[in-house]
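Two complexes come next, and they have one chain in common, chain A, joined by chain B in the first and chain C in the second.
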Partner chain A sequence: MNMMSDMKSATSCLLEMCDEHFELEDYQSGVPRWCTGCGDNAILAAVQRLCRDEALRPEKTVFVSGIGCSSRFPHYMKTYGFHGIHGRALPVAEGVKMARPDLTVFVNTGDGDCTSIGAAHWIHAIRYNMNLTVFLHDNQIYGLTKKQASPTSPIGTKSNTTPRGSYLEALNPLTVTLGVQNVSFVAQAADWIPEVLFDIVKAAYHHKGLSFVRIIQRCPEWLPKALDPWMHDPNKVLLLNHANGLQASAGLSRVYKNQIEHDPLNIDRAREIASNTDIIPVGILYNNPKVPCYEDLRHLDKLRTPDLTRAGLNAELDKYTVWPQGAEQKVA
Partner chain B sequence: MEADTQAHVAFFLTGRRPSEHLDAVDELKLRPALFAGYRELTQLRYDFPLVLLAQPTDSLYVQSLSGLFDTALAAAARGSDAERIRKHALRLEQEIRVLIAAGAGGPLSALWEKAAGRLAKAGDKSDAGSSLADSLRRTRAAIKLDGELADCDAALPARLLQHAWSAVQKRKSLAFRKDLDRLVLKLSDILKADFERSEAGRSAKHLKASVGSGFGDAFDFDAMSRMLAKALPKDEFPESRRKRIRELLAVLGAQQFYPSAGAPAKKSAAARPYSFLFDSCADALAAFRERMPRLIELAKAIAVAELEIDGQYSEAKHDALFEQFGANGLDPQDLAPFPDYLVCVNAEKMLAEEHAQLMEILSSGLPIKVLLQIDDILEDSPDGGGGLSSGMRSRQIANMAIGLNEVYVLQSSSSNLYRFRERMLRGLSYRGPALFSVYSGANAAASDLPPYLMSAAAMESRAFPAFTYDPSAGPNWAARFYLEANSQVDLDWPVQGFAYENEEHQRVSEDLAFTLVDFVASDRRYARHLARVPREKWNGSMIPVDESLTRERKGLPDKVPSLLMVDADNVLQRVIVDERLIREARRCRDMWHSLQELGGVHNSHAEKLLAREKKAWEERMQQEAETHAATAPVAATGAAAAPEVASAAVEEEPERSPDVAYIETPRCSTCNECTTINAKMFAYDNNKQAYIADINAGTYAQLVEAAESCQVSIIHPGKPRNPNEPGLAELLKRAEAFQ
Partner chain C sequence: MNQLTKQKPARKAADRIQAAPGRKAPLTLKEHIVEIISDSGEGAQKCGQSLGAIAAQMGNGIWTTEIIPAEIRPPARSVAGASGNRIRIGSGYITNGGDETGLVVAFNEQVLLGRVRAKELKPGCIILLEDMWRTHADAKIVASYIETHGKLVAAGYKVYEIPMERECRTMVADPRRGKNMYALGMLCYIYSLELKLAVDQIVLAFGKKDQSVVDSNIMLLEAGHKWAAANLDFCYRIPATRSTEPQLVVNGNTALALGVLASGMEICAMYPITPATSASHYLSEVFEKVGGMVHQAEDEIAACAFAIGASYAGKCTITITSGPGYSLKQEAIGLAVMGEIPLVVVNVQRGGPSTGQPTKMEQGDLMTAIFGSHGDAPKVVMAPGTIEECFYSIITARKIAETFNMVVVVLTDAALATSQQPFARPQFSETWMAPPVDQSPVPEGAKPYDWDENTGLARRFIPGQPGGMHTLTGLAHDRDSHVAYDAEINEQTLRFRSLKLAALQKTLKPPKVFGEPKGDLLVVGWGSTKGAIEEAVEMLRAEGKKVSSLHLQFLQPMAPGIKEIMQGFKKVMTIESNWSDRPEDKIIDESNRRYSSMAILLRSRFLIDIDCFSEVKGQPIKPGTIRRVMLEKLKK
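Let's turn to the complex of A and B:
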């Protein structure tokens, strides 16, 4: 009887017993066409594991993507998916969420898709802060079109479009995201540390608002050695720990000794950490659950009944009076 | 012993008044001395009357008139004429009080007009008149709320509680309606979608109707229908589901627990919403039982509808489950969205049968809230002799209900109800039974004091202490029981300063305890237990009641308990009390003590524990002091052995032989390199991370190759198992990097 408000009713307990249970296979669809060794596989494994652990109902889950290697992601999930057009994954996902707030919406986008052609949508999606989980698969190269430099390619990257090496400093998706108004969740993972990758994917899913996860990802085909310095020297990875963020496990701490405490509510410190490119920070940089979601701000606190829709339409149409043919003369 | 004292003691022991020494008090219109200042309540600013807000919010449903004026004045009385506005507004407040005391009622706005009219009439028509109008206009503009005024009278407990209850039910009703409308809309949408996809839905006729008249001729609906019919979905909408949804809609539409959105006027009696307000426990209980099947049906329909809308209803799983639904009744969580019952009963009118029903309600955990109004707690016991037994029975129901452990119990006198307004709301929102035991003080036959004073006196004298017991507040008494509303809660009786003028016109002040006897003395039925002592006979053997209670009587008493009272002219009188009342006062004090213990005041268990701990602590200190004294001269013999190095609880890695091949599975990034080389040797686990499934399914060369191609270098090839494998020397060299 005590603390009854926290207790579940017998009915909901019984119904819970009837809930379906899922296996990893329930979310797998087809054999990924990604190259062997590709970091996308690690992300796929982590996300499928999340779906299983959270018992996400496949018919209530949507993966939206743009164009690129990473954007083939929805094909490999046995859920709803939308393999969209280049750079437009986020607007499509926002539309889905707006119309169907009951769905769980994930976005898979690559460094080209998000930070180049989709940059405008990216900035505004952060500002709108809708409840989406966004994975930026950042392999620092255009892979699907066989090696062209992307905005996140490190300066000097030799590619088909930059045979003498790229001329510009790489864009830092973390600092850009952390600079946008209304940002609510920013994390960074590396595909070769699957344990943290999974923890971050999980935290991102549980965050209400737009969670932006940049996943640094190897491309064994086009930039095979690019990330070796960081992969082979665990001290070049900085794990971020906090009671309100993640806590590195004992096993992980044996390998990755370079760790700091970082409060995910401290945005200034988050920006500082994100700016460092010599060392890859891994963990939750920023997490503020209090930022309002656009869909909540715009939520109509009324039932959308046919009458309501009709009244709205009529009111809208009544703004313009369309006279039947020949009526103008009579009125005049 | 002097003759006077002797007469006093005789009265104390027997209750008989020898006329030459003592006077009867019946005709003196005495009241407790501490009440001298409360003769004209309309002149005072206190909690009453209350404004029962017409538009209550979540937490605010009642306001005190004085509080309302204070807030308004804080906003309106500013600048140079602040003082004038304040003066005028407070005069109006007083005028409203006078009207209410004279029996007027109605909303604040109406009484405001009336009172303002009377003030204007009383005042002159000069400048002062217009400034009065200006003050009132400005104050009025700052009062945004309105509602019925309620004074502290016999009707107050039921009025206030019903008002609060209505506010809670209205909130529930809104939430429930919103939910219900959503369910109905979504269920209808399913049926509509089903129809649109059916043959009839795609017929030319229906298509034509959906376009409307304006452009009816512009389309060939037959052709359109033919095309759409071809695209009819193959999967049939199951008939059983259609039927189920129709039934759900019927149940949801016919519910009578909350008023429906449409106009209720035309509905027949069978479809009218239920009433949940009762004046008898038996009726409420009968109604609850009668409506239970309908309630279960509705709760079930809501649960099924939610599943249907979510597309989750599975006949295989849920049919059986819902067949049994509610067989054992519903638990409080399931009942929570439905209305609560409110029963208002008067203790005096309750028969034994009704008492039994009340206990039944309280002990069965039903969502029924009961107001037990008690108008008289000093009812004489049937066997005479001045005992308070009958009133005691009503008073004790609240204590008994606490014993049931899951009843929200609120006991308070009327005068304190405004202070308990949030606690009343909490009780009404509690999921389970609640008992509101309220003493109204309205027993005109017994006392000349107004109900407000009587009820305040009952609370002050511990005759009717105020407390709440909230089972939802926490797991223990400290969290659940609240006694602090009573004044000076740690004392037996509250003590107040009392000042008067003596024969020499000097101001004398003393502290007076307000005891049960003071309260009982206000009741004319107990006048025979009191005797006035003429001033010239006052002597040192008369001691205050509270003091006499602390004395244990052994043998013939030499002191007589007395109390100070004032007569109609506010002249101080001293009255002695007989032993009968003293006995009652002692009983009342003992009951107060046990309440104190429940409230954590002078708790005997805690005090015992404290004494034990204190003793142990003192002994320990003593011991330490002695050892210290003994060892002090000796040079310190080195600090105690250095604390042992705490062995860090480091997770041990499993012991591995460097010769056996293995994969650091948790670090695997699922890149498919190894499984591409040999899918039998390498496999993925539950989390899609690689491990060596069968070391014998491949060659050492494949192991080494996999180790080399592994993106995260987590494959350790170990030593070859087949010594005859070709090219081993070279493979071993390549494998060295991964051991």
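Let's turn to the complex of A and C:
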């Protein structure tokens, strides 16, 4: 008798879903406690905009982070968040995604968190290629622990643990990532070019597989001038354009004239571009949508129901059961 | 009793077959311990497992223990290379590996020497020794064989030289494949076991391969049986009573993997480590059939973090490891404690510290399980004492983890992992499984950590639940999960996390005393020592001693009523396989003696002067040893 009303409610539900839209405030939580001028603020703004534009349901979205300035990120999102331990954001996020492929999972990790203490997980996360969007907030220094050199600090960086300058050439997160089998998406952004940052964040979100986005960001507190040569000379930034990647806007092109066409499927070229550290390439270096995701390879079409469990368990128990005579197979 | 004659060198086997003594009336035994040992890869393991399974099917009580060399491929004929199986067969229910071995089948004299030196053989033990080495091309091997043989005979062992290799060679080209089934045939004769059951075992083991493998193994089995009947002057019968209930025969690691299957958990995240890995091997084979998966992570830390992520997302997850891996997981375990994320961690203990003795039994991780991770990180610690408890403890652990939002550590050890003991086949119950993940909207105004003032319990919000959005953090946090540096809040939350243990403790039943509730000496144990302790208590009670034992399954929190039980005895001591300083050492006295783990815990909690005995030889403590220790304690 109430079929009509049921149908109505179903229709109205569907309508609500279509109409569902969110405001930036729906994703904002608290006032970020990052320093003024910190690149993390730019990343937060881009990501909140992405969530709004894509109408991501806050309860179905999880931001996972490790430890460091960058890893405070989830606290400033009004979604689910997981602010874990140093270096382990990636395996936590993998666990979340494996258990709940229905959730949208982002990872925020810093240069110390990802490329130093969590380096093993970084390499393997690339290899698993789970559908995660990973932001490497790379400010080339340890911030929260007050200025120690990180693996991405340029050689000669003076810090509290390298007062006479750091000794080693910086690790290049792009070439490392591009060197791992199963890599499927690598992009680089700079916090001072927010329009491209947003475009990259968006492309990364839409990529199925692990999208690795290195965001070069300023640390106004500990390395205030480190990125000045690149910021002050737009020609030291190389914009990557392609029909299957990003296209620099006309406005942007007036400032950043140094642009090339780069096919994101060309991994050899991507490695070449990434290897040049005199300039900062900005854009999508590599994007291969065909690399299988670990959760798809491993995910089961079977639901873990009591009936399936009973049947599966009993089949196993049968293999190891000693039956009393005349009582064969009399198990519920 | 039969006079056991020494065999002549087996080159005269053919003569002896003609002069066969025929089957004697079997000597009835209450129980016997038999070992089959070889170089690794020669199949002694399989032979032993099959023997155990056959005896179990006959209705005998059994306890099988794997003899495992530490290396994958130790050099052939090396003293440290013994690989095989040790089976204790009894008339009644067998709860442990027992004392020394009564009969050994050895494929070479060197692996046998290893067992002799480890004092694993009874004085006068019967040795069935492969004789091919007596006529080996290498003069050094011949010399070594003759020398060892002579020494063993002189030491009083009853050595039978058996032409296993030669006999097998008459039937198959490569006796390395199948000699173990020849040995199994001999053992079936010796213990009067039905040969048909052995044939069934062969079909079960090789049925998937081609029929010729099955046929050739059956041929060798029957030949071994026939040879033994014709040539051996002894045989035994261990009366059996068939159980009326179906019995499951698995080792501890398989039991705990089956527990994972039954518990409804969906993900096991692990990293390979001995002696835990076989549980994950088995799980990898079967978990997907019930909708689960095993994730082999890149390292132990990642395995734990992956499990925590999956648990946080709504599905309580398990990670299985051993000591060194457990150490690596400690920081992540602290995160689960702080975030109040349910998690089951299995630590199949092995010898430590460091790499220690990877394949050997030890109970050295109790303290690290209870007190591990920095700061105050209360977690539940359980220890199954039998193979059966390995199965059920996982189901219980999952439930506790999800009810209390806590980390539950399950401590087993290398002995449980590789031993087999039949137990009543479990009957699956839906209540073992977790309910579906809650995705309902959270009530208006509810907070992510709404701790109950009395119990410290709070419901948790799971991603996907509308209105429950919050950021879980390993930092100190308030009810809103907001980072809190306030001293008051920090103390309150420490209190709440600790109270959960007390809340769980209130639900536990007092443990049962084995023996009378009052007496002269109470022995307290935990984990795999259960069977051996109870057997020693039984022996002493039969001798009129007023002794009892108490075995604790919950180590943190401890069940109520333990103090009252201990007060019923004049003396209390623990028996454990973790180090305690020896009082007889010159510089050890009451002011510096380090007690065994459980003794420290009981002494500090109950203010009772509890002594301890510990043996850390990498193998289960034998009931005979425990009996001797208890007698000494009674005298003191």
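Here is the rule we use: the second predicted complex is superposed on the first by the 290 of 332 C-alpha atoms of A that agree within 3 Å, B and C clash if a C-alpha of one lies under 4 Å from a C-alpha of the other, contacts with A are read in each partner's own complex, and residues count from 1 in each chain.
Rule of thumb we're sticking to: contacts are C-beta pairs under 8 Å (C-beta built on N, C-alpha and C of every residue); 3 or more make two chains touch, one makes a residue touch a chain.
Everything numeric here is computed off the predicted structure, so don't read it as measured data.
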Mind working out whether A:L265 is in touch with chain B, chain C, both or neither, as first, second, both or neither?
neither
Which of the two partners, first being chain B and second being chain C, lies in contact with A:I193: first, second, both, or neither?
first
Where does A:V92 make contact in the superposed view: on chain B (first), on chain C (second), on both, or on neither?
second
Which partner chains sit in contact with A:G37 here, chain B, chain C, both or neither? Use first/second/both/neither.
first
With the two structures laid over each other on chain A, which partner does A:A250 touch: chain B (first), chain C (second), both, or neither?
first
Examine A:G81 and indicate which partner it touches, taking first as chain B and second as chain C; both and neither are also allowed.
second
Of the two partner chains, chain B (first) and chain C (second), which one does A:L171 touch, if any: first, second, both, or neither?
neither
Max touched-residue count on chain A (chain B vs chain C) belongs to chain C
When the two structures are overlaid on chain A, which partner does A:T305 contact: first (chain B), second (chain C), both, or neither?
both
Which partner does A:A45 reach: the first (chain B), the second (chain C), both, or neither?
first
Return the residues of chain A at which the contacts from chain B and from chain C coincide.
59, 102, 303-305
Along chain B, where are the residues that touch chain A in the complex?
178, 181-182, 185, 299, 303, 307, 310-311, 314, 317-318, 321, 325, 330-334, 336, 365, 405-406, 431-432, 471-472, 474-475, 650-651, 666-673, 676, 686-689, 709, 711-713
Show which residues of chain C lie in contact with chain A when the two form their complex.
53, 56-57, 242-250, 254, 258, 261-262, 264, 266-267, 269, 286, 288-293, 295, 297-299, 301-303, 305-315, 317, 331-332, 334-335, 422, 425-428, 430, 433, 437, 461, 463-475, 482-483
Per the touch rule above, chain A residues touching chain C in the complex are 29, 58-60, 62-64, 74-75, 77-85, 88, 90-100, 102-103, 120-121, 123-124, 298-300, 302-306, 308-317, 320-325, 327, 330-332
Complex contacts: residues of chain A adjacent to chain B:
1-5, 7-12, 14-15, 18, 24, 32, 36-39, 41-42, 44-45, 48-49, 59, 102, 191-195, 198, 218, 220, 231-232, 250-251, 255, 303-305
